[in-house]
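Across the two complexes that follow, subunit A remains constant while its partner is subunit B and subsequently subunit C.
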Partner chain A sequence: MSQLHRAQKGSRHLLMGNEAIVRGALEAGVNVAAGYPGTPSSEIIETLAELATELNLYVEWSVNEKVALEVAAAASFAGLNALAVMKQPGLNVAADFLMQLSATGTRGPMVLIAADDPGALSSVNEGESRPYAKLMEIPLLEPGDFQEAMDMTRWAFELSGAIGNVVLLRTVTRLSHASGNVVFHELPERESVAQFQYAAGGGPLLSLPVKARHEQQQEKLRQAVALFEDSPFNTYSGPDNPEALIITSSICTLYSREAVEILGLTERVGILKLGTTWPLPNKLVERHLARADKILIVEEVRPFLEDEIKALAAESAARIGIKSFYGKRQGLMSSVGEMNPDKVVQALSHVLGLPLPNTESPYEKRVTEIAIEGAPNREGTFCAGCPHRASFWSINTALSMDNRGGFVCGDIGCYSLAATPAGFTTIKTLHSMGSGTGIASGFGKLGQFGMDQPAIAVCGDSTFFHSVLPPLINAIHNQSNLILVVLDNDGTAMTGFQPHPGSPVNAMGGGVVKVDIPAICRALGAEVVLGDPFDVEGTRRTFLKMLERTGVQVLVLRQPCALSPEKKGKKAYDMAVDEQACLGASCGCNRLCTRVFSCPGLVWDEKANHSRIDEVMCTGCGVCASICPVGAIGMKEFA
Partner chain B sequence: MLQKGLCVDCGACVGICPYFKSHAGKIAMLFSCNLPQGRCHAHCPKVELDLERITQATFGKPYDGSPLGHYSEIKKARAGARLQGRGRFQNGGSVTALIAFALKSETIAAAALTGSLGLTPVPVLATSEAEVIACAGTKYMAAPSVASVNDYLRSGIGNLGVVGTPCQIAAVAQARLNPLNKPGFRDVVALTIGLFCTWAVDTRSFGALVGDKTDACAVTAMDVPPPPASVMEITTTSASYAIPLDEIRKTIPGGCAICPDMTAELADVSVGAMEGEPTWNTLIIRSARGAALVEQAVRGGYLELADLPLASQENLARGAAGKKKRALLKAREDRLLNVDPASGRSAMLIDDSVVQRILAG
Partner chain C sequence: MSAFALKHDPYNLIIAGVGGQGNVMTSRTIGNMLSELGLFVTIGDTFGASQRGGSVMSHLRISVTACYSPQIPKGGAHMVVSMEPSETIRVLRDYGNPAVQVITNTRPLYPIAVIAGRASYPNSAKMEKWIGEISAKTWYLNATAEAMKIGPPALGNVIMAGALAGTGELPLQRDVFASIIATRYPPEQARQNLAAYDFGARYVAAAAI
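Showing the complex of A and B:
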């Protein structure tokens, strides 16, 4: 990481998109950064945190995205350069404050980075950040490559400082997590003093009087548009009068260029790449629309850019004529999933009436055939030794035994996988952070309508702090009936073990106050039980007893993640399958261990007709020993 | 069977494989098992119970649909002098007496019985007289007692005595046939004592019903007095309560409604209450080993026998015939009797001529 703050102007580096963003923030002189972990955004705060001490930055993992935005805003209010970082669903969490913030405006430059995940590669939705710019009336920037990720981040601070409002910069998974070459600019001299000027020189930050503030806010947007008209982030490449014009932004710029090259259309098709996507620089766009009659909009997920451009084209029709638009509205391109060069090739071929090129080589064809014939079906699953598998085994079997149709309202984390066979499809609802508990709180009040199914909520330790507390308080206050299972694996495991309020250290490695989950729950008035998920029998018994009771109960199942630094490479038990005891196919268990429990540390040896331990995968947690009905799996404690 | 709501929580499928567990009076299938056949189905008294086959295998005689099944003698009985006053018996204490004697005489090494944990009935594997006496008293609730038979079968130790309701005795009778030809199987059941049963109740619903009246854990005895009383009497450490039978009936599992067996026709000996004489039992001696045990128990002072008046026998047969008829009508209505295998699975298989005879009776 040292190259990010030590390498000098003009040097060239291969950087991940998120690292390029960090360098851009450093070049802009960022002082304070706050965020909540979420793929694909997490590396930005992580990288800044590593540099914090040396560069005198303050970097924190906040309890949730709204608080992160508030923490960053405070720095801006005190005149510092502030950065808030989150994945798209986090922007939904932060939206309430963002609406007010955009009305009061900022003092020091402030940038909000939202990382979208088109195709939901690591998300439970493919929500969009772009419409937020329009909703909140703040400028939107979208880098199209790695150099722009850096340059545009730096400029976003400049823009924010110029207009006095927060600027939204949107990245996507394929930019944040891919790598490309970046040439560095200068780093600033760092001397910053924080002071909140609420009297002279600024006044209090209020959105009142609303109409006046709103007018000011819109004036800031007009200033931004004026800058956008001449922005170097909006570029055109292609002939002066192309047969078709592609208008695109973000990482789709690269896909569009590739498609034009594949089809050999560089002399026939032009590409207008927009980096400042809201509000649109009207004059610039109108100028380029005038070049062609056929306009193809290439963007991911919803037709945001398409709608904006069409509205602009309607206003400009008298000057530039009627255009034919191609994109998502008429179904040429899909409004779901990621974009890729092949999709652009197909769309462009349609627009120009060209035959589809045969892009499938014999090699690719054969690879596809072999994959279909020979590759085993691999479903997503929990890691070997994951405490969640054991927890859901106990919860699932207890709910089945209870026999009242009890179910689990899931939440966001690795444990969301329990909606699939990996967690025995135990989770029956899955929405946003904290929603499992809120939904269970609602289910728990439906007894008066004859509902007797037990409602269970699960959440991770980080999610507990993020957004489970309000619904838990709601359930207690309203005397709902629910069991909340906190799957405490000692960190924000899914996104890379970032600390949270239950951790003794902060993002920068400093000692902080560790907030105690069971103590909070007890203080709120919930019945709290502690358990070890690896004791599956004990956990099931405990859970069955809890199911017999009413009110709000919390079961904290604590066991560090199998991949946690404290566990990695250390086995508690040496596991072995007794080949004589394992009855194989003749056991009535029908391969319970490898067919249902399915820990990757256990494999079914087809030839030998018994299960065996995969020494490499097994983490020695010992749970499978209690799953085998004939006790064929043995565990020996390491001396 | 589970989906059709026919499960009576007898426990026949519990302990055979890890997929079935009993909790609070219900059997749960924890995960789906895709084996084409299993002992869970083969032993289940509500899945294709072939009464002709099982009766032939048990007694070497056909299933003729007679109200009380095959028997050699019907007597009235009660615990003998050796056991008098030593337990809280439901009626005469004959079951406790017979099992206690069977253990004492080493006819059996252990007995699969039903005990209680609070109000909830639980399987008990008893090896001492004190454990047997502790299990005395009717539970009325469905109990997975056959689970401990499965455990014992796996242990390979011989000479197990089993006390159970008709469905439980039917399950044990099927298990003893080793229907799936499991290698190394050994029939370890040395004695079966059947309990008369008109219905059982679901543990959770019944517990809730009792819980509305009193602390379920304080219940010391339950009884259904003969008509015209139409209540269940619940006795606790401090008071007694009456729950109308109409309310109780709402908690009866669906599987009981298609049960044609009131007197545990596949047992060696069957025992039930005796109308009009609450300190005696009705005793039906069915097999030779049942007859031998009864005779020895009397000689050993564990059991006292007397003749059962003919009128009582006739009343019993009338009640049993009524249950048979109601069960077959219900099973036929629900398409659970002699179903064409192409269109579904039966709960019971009974020769059509026998069905006609029962329905005409």
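Showing the complex of A and C:
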């Protein structure tokens, strides 16, 4: 259990960025927090949920990000301190409500944390949250290190309270999931009372009349900018008149500082580090732009900061002169992928006309040579014993036997990996949460144009609740043809087993009634079949039968995740390969178990010419025993 | 401010392995041991679903004076502690240099491409020869096998942490480790952790003689 609430003012800790954010929210006196799991944001709500009972907080995993934002907004409307947390794609989901919310404004302080993933370290995109601040006309804050992750979260509540609107705080994977040292401030002691004052003293929350509200909203931004001009989170370090000025924000601050240090340029290059990145504090930025003629902007993915600064520089040109800008627009730095110290070293060297480091040392040459053979590519795969591998094995073989070119529309979860050989490349489309079912619903209506390929959608149990219900209802109402396979592994597995509406507990650990997926689907009018993915034969037969029918059908395949607390470290079966029975390379299957099924619990022993079990990796699920055509893989139940 | 002088500042340590081997826990334990002494520590981890079964590494930046970025510059590692031999080579390709020191587990975990027959995995003798060739100093140990003599294979990480302490490269103190472990695990697991840590430290100390 987290000890974040116990430590005293002035104590120093090594914290993950997300933990620092939690401490900042606690120091601000957060009362209510809501979110939907998504890497790299999940630990924020998880940690707050652990502390909820003791600190009298209300914390929930909401069904999706839009509802999370609405739940948090309600707390703000009632005068409490509210927090909503999501990864960037979740902000897309919440955006519809956010646009209305930013127009009506808030009552109690309200902060929205969006976690971006530049470089897509744990995502299927590297989408940006920053442009949302501009689109929604709300202030944007970006912490530049671990201490700031805490301090700026605390201040974000203060700012929201001061202007009466929601504040967006953007973090990134390299801050949220990295760790660094943080010194704590005091925790507040106070009683909070919730009351929605819709009559005197507040009035109803409406975006009407639109023009007046919109003017009010923009006035709030002007108030924010006035505070930004003196914010301690915007800092300059370097000589008074540097040869070049770096303007940066977020984790790029640390990369920029390091690049300047590596090149030994602390006396020649200045760094303006901005914590308040939209709207920009005009006067402050203008003052620093005046220092140098060469301006290098260091940021990740799109040139958001670059565009804002250039607009500002154009307005101030008469006062500060014409600047030379270096960044992404002219192609010096890429608009794709994450930043690192080396990329800043290269860019800065270019700006100052410094020679680039030696092209390739003999060491680099040799180590690259060795790595070609010595470091074979390690692509991601399903864990040993993962039910998804078994599910996709059955779906894939059934689709091949059906032979009409059927395909699977994928969704977001660990099972997205089925777009790769890990899941026999069964998934052919992969977009946002719930989209697999929506796309399959569309494919299922294309029969009138001659399309006869069966359309299958897959989704996980948490995704089902998040955003599969509307497209499933759409398919039923519009009489589409599709099979939805719900890969129910008993929790939001990919992000660390957070509960969802189908779980018997909620975020704070309270017992709740499970929302029953098959019952919902039946009530909607779908044909529902239940199955166990570890019964490979049975699942394939069931699925083949479903392929013969039309209409909307749902197959719920239930088996807990191999890493779930109830399964982890416990083997169901003791697996062994009968070395006499395995025919090795001469078998007609051509090593089906390792070549195609490819579970990390199986290895091919080339010398001995047979497969064998890797006893460290194998979880004893028993599925490979039903894959082997000669029955050479045996399973023995543990006594 | 810490009273410890570091051999390099920042000292750049990489802890590498395969998703699921326990890298994150090890890097946090080592990070906490150093942070307790007043040092600045930054840990850059990569974790999440896409890392499961894939290559993972944690970058530790240790400094007396400042918070460094969560990514070590290319070619900038001082020490690599790796739970898997091919991952050792992968890390050295990007972060190695002629002065780098390496502690490597010798137990291979085959990538899926190797299991499927799309790629091959060189034998141990070849791997160890290569790793030795591209590092200034190398310690090899089968931490997985040794861990299984003490308890679960995941203790291999703790053996590696002990081995790192045994090199004397960083101010890692056994009593600090013991106190961190005591808050995290019940007595029997804490005892196994200490046994694994001590094995690693002794192994490296013996190798030095």
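By our rule, the second predicted complex is superposed on the first by the 624 of 639 C-alpha atoms of A that agree within 3 Å, B and C clash if a C-alpha of one lies under 4 Å from a C-alpha of the other, contacts with A are read in each partner's own complex, and residues count from 1 in each chain.
Please note the rule applied: a residue touches a chain if its C-beta (ideal position, glycine included) is under 8 Å from a C-beta of that chain, and two chains touch if they have at least 3 such contacts.
Since the model is a prediction, treat every value here as computed from it, not as a measurement.
Student: So, A:Gly180: does it touch subunit B (first), subunit C (second), both, or neither?
Tutor: second
Student: Let me test your reading of the model: by the given contact rule, A:Ala422 touches which partner, first (subunit B), second (subunit C), both or neither?
Tutor: Only subunit C; A:Ala422 stays clear of subunit B.
Student: After lining up the shared chain so the two structures overlap, which partner does A:Glu537 touch, if you call subunit B first and subunit C second: first, second, both or neither?
Tutor: Neither partner.
Student: Of subunit B and subunit C, which one touches more of subunit A's residues?
Tutor: Residues of subunit A touched, subunit B against subunit C: more for C.
Student: Just subunit B (first), just subunit C (second), both, or neither: which does A:Met401 touch?
Tutor: A:Met401 contacts subunit B only, not subunit C.
Student: Could you say whether A:Val596 touches subunit B, subunit C, both of them, or neither, answering first, second, both or neither?
Tutor: Once the two structures are laid over each other on A, A:Val596 reaches both partners.
Student: Applying the touch criterion given at the start, work out whether A:Met494 contacts subunit B, subunit C, both or neither, answering first, second, both or neither.
Tutor: It touches subunit C, and subunit B stays clear.
Student: For A:Glu315, using the defined touch cut-off, is the partner it touches subunit B, subunit C, both, or neither? Pick first, second, both or neither.
Tutor: In the superposition, A:Glu315 contacts neither subunit B nor subunit C.
Student: Take the contacts of subunit A with subunit B and those with subunit C, and give the residues found in both.
Tutor: Shared contact residues on subunit A: 596.
Student: Which of the residues in subunit C end up touching subunit A in this complex?
Tutor: Residues of subunit C touching subunit A: 18-20, 28, 31-32, 35, 38, 40-55, 67-71, 73-75, 85-87, 89-90, 92-93, 96-98, 109-117, 119-122, 126-127, 130, 133-134, 144, 148, 152-153.
Student: Applying the document's contact rule, which stretches of subunit A touch subunit C when the two form their complex?
Tutor: Where subunit A meets subunit C, its residues are 12-14, 39-40, 121-123, 145-147, 173-175, 177-181, 251, 254-255, 257-258, 262, 340-342, 345, 363-364, 366-368, 370-371, 373-383, 413-414, 417, 421-422, 494-495, 569, 591, 594-596, 598-600, 602-604, 614, 616-617.
Student: Help me check something: in the complex, which residues belonging to subunit B touch subunit A?
Tutor: Touching subunit A from subunit B are residues 16-19, 21-24, 26, 28-31, 33-35, 38-39, 204.
Student: In their shared complex, at which residues does subunit A touch subunit B?
Tutor: 396-397, 400-403, 424, 544, 588-590, 592, 596, 627, 629
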